[in-house]
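First comes the structure, then the notes that go with it.
The chains carry the letters A, B and C, assigned in the order they are written, with residues numbered from 1 in each.
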């Protein structure tokens, strides 16, 4: 019995002494930190995505506390309510930013954009982009190796195995910008969400001349400029054979969608239009709109 | 991988000739268990394509068996295979990601879990015996006893000729130095391995044990006895040269070999285990990433810079 | 026999066309001249749609110091200035000329007479080389007039002629040496005069004993030019490996140049082009191209006018075999895969190789088994497994620390990997990114 008693006593005393030592050391060498940093870090998503420009959420929190104003400090991964809470903690006003979402500006699916070769090198868009123009006639379009998927920390973008194009889950997307940086061809863009998550954009980044673009992809922008003329708000510009819709100016009227002979312009999250009997819808439009509507989860 | 299996054949044949049925049973059980566990883990557990085709499971199976006595109970062999494949290899991400030699992980696990069974070796030439084989002291045991002061053990030590051919007690694959050396020649001829690791290990052991022998020939035996006893040859030729766990440059390989040789001699003479090879290799496996960092290849244009 | 010390592999030589004399390919119907056929700034067109040109007319001027002229290889009318997909796999601006007849610029000497003497000064020779648009013909296409004007602080003592042709399948340089050895010797003398150097070494791989014999017989009476047979090993023809084999010196890592160790290396095809440019007033308008492949009906060495579509060469060689998987501009180790056969022959096209599908298709990659075969193979003493892993995880710092900028992209690592890992693809990506980081770091200074 005595040895059990001795063992308990010795170990208990050792534990007590060491505990006291640890307590003393933690008090003596305590790092003084503004408690607000911890509070803010608690509110943040904790994904350390780097979208704010800082290396991790704790760094962003520290920057918020240190800075005199909330200008330029925005966590796109958290909601505006959370940003307001952070603003309340720091005591500065936060600008209400526009909610954005990642948009993949390419509709060159396996069906629309026929393959003219096979790339079987390293499975990375960045590596493939260095190799040559790619597996199709369009040297600007999506390479399909999934660098964007690998970059996303919010599980918000996936490769559709049928169309071979990436699809953004708009509910999970926090517009952190990781996929934008990952794409070697700058196909993905952060565009305004707008009310009801509606958006209209040119789903193409091909800068080749019209005939070349059209030969490569059935829905590629040929730079004809009809959309530019059709837009009542002057939101569309044409540069390098490519049309671009300015998200700030676009009022979602969708006049350009009808005008585009290539059906390159995509309207997302709108109710289906009642079609007038005169125009024939080419079969190619239907699969594309289905792709877009799967973003509605 | 194919040529490694070919190079292991002489040792396998020698093991059948010396240990008979026991060797056959242990080897077959080990190989089949390793194959099964790798298949199960990759296909059923991880639901990925099977990696059996790369041949590494077969080699792990053979090498694990070579490190076991020929009378080891079946269940222990299966446990060893499970640890070797499951913990030694698959837990780290499969072939190429493991820091330790899987067969040695299995072997050391068995040694520590079942010390009695793992350190009793059948006497040679009991060709039809398996579990009921008569056991006796191995040359390694005797060398240890001699070093401990029991000089009478010197008379029991088999002749060098027997040590070289393999008609001695010990683990299945380690007994025949001749068969293992033939395997080494096959590996070198097919350029599967380079000479650096095996030669460095054997040289280091020869030099260190030679020095000790010169200091005190009564306690410390002739280096040739060391070279042909225990798991030294098997380890130097087949275990330490495993691609995944050994250094990538010739310079690194030499340091690795010296480390293994040194540790083997230290454990043999100053540790309580009779054989130090397995531990020595595992310890140096742990140091391999550091060796890779320190021993970079000679860069083109480096000297001029 | 001399060789380079570190690394190297021994691919199958497959020199199917070593015994085939050079044949002249007919004129194309339309010749296409990409404006970027050399290292440096693309050339700037100096003709426009509708202009008539002759063979040898300058159609584009250098776009900067590091650039080169482009001359028409055909006579006819400029059809358009548009773009075409070239060997780089990208659409590049190019001049399209519809061929009419075969009228040459009168200044060009079209005779076969061997000319030995000239009384041009050093500067005049360089000017003629520049004027003729001569660039490195080994594949790198470095503007020759720039290479022959090394930095003032470098003392050159050796001219090395790269007649190694270590790439499997290619025999263009081999045939050139056998059929025009005298012109090559004159060309070497011209370069020696330009550089002010009295020693030239022609490095030839030992698998060309006929060329070695012939050149040796031609140079016994010539002081200052020697022929050095070199051990067969890929990439012996790499500039740095060649310099080490010939002189024993190792060029330091970038940004150092061969000139820093006193050497200038020129491909033997470039030497021939220099002879024609200086002695015959002939700009760079044609070159020897090997058309080859195991299943090709009539593998051959062709003298081709620049701008000829590759399809015409393939047709002459018996047409594209049915099982062709890859069409390569260059050799199997460092060549560029062509997207289709409309690409034109340019100054750097040393060969057209057709590989069957069974050999071309990459097999499934597996885990790195750390066998170190890539480390043993790398001629620059790098660790491709480490560089590829660093590249895959975007660790550019680790790649830079491990000397990635020294990589010569020879492909030895990828060809020896038993796990079929795309090592070179990853290393190329990392080189691109690290190169960008270094440039922006230097720009900030």
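Operating definition for what follows: a contact is a pair of C-beta atoms (placed from the backbone, for glycine too) under 8 Å apart; a residue touches a chain by one contact, two chains touch by 3 or more.
Just so you know, these numbers come straight off a predicted model, no measurement behind them.
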{"item": "Graph class of chain-chain contacts, one of line, ring, star, complete, other", "value": "line"}
{"item": "Longest centre-to-centre distance from chain A, chain (CA-based)", "value": "B"}
{"item": "For chain B paired with chain C, centre-to-centre distance based on mean C-alpha positions, whole Å", "value": "51"}
{"item": "Rounded Å distance, chain A centre to chain C centre (Cα mean)", "value": "43"}
{"item": "Residues of chain C engaged with two or more neighbouring chains", "value": "none"}
{"item": "Touching two or more other chains - residue numbers and ranges from chain A", "value": "none"}
{"item": "Residues of chain C that touch chain B when the two form their complex", "value": "6, 240, 244, 249-253, 256, 261, 366-372, 375, 378-383, 385, 402-403, 406, 419"}
{"item": "Touch list for chain A against partner chain C, complex", "value": "116-117, 120-122, 124, 126-127, 130-133, 139, 208, 212"}
{"item": "Contact footprint of chain A on chain C as seen in their complex", "value": "85, 88-91, 336-337, 339-340, 361-362, 392, 422, 425-426, 428-429, 432"}
{"item": "Sites on chain B touched by chain C in the complex", "value": "54, 93-97, 243-246, 248-249, 296-305"}
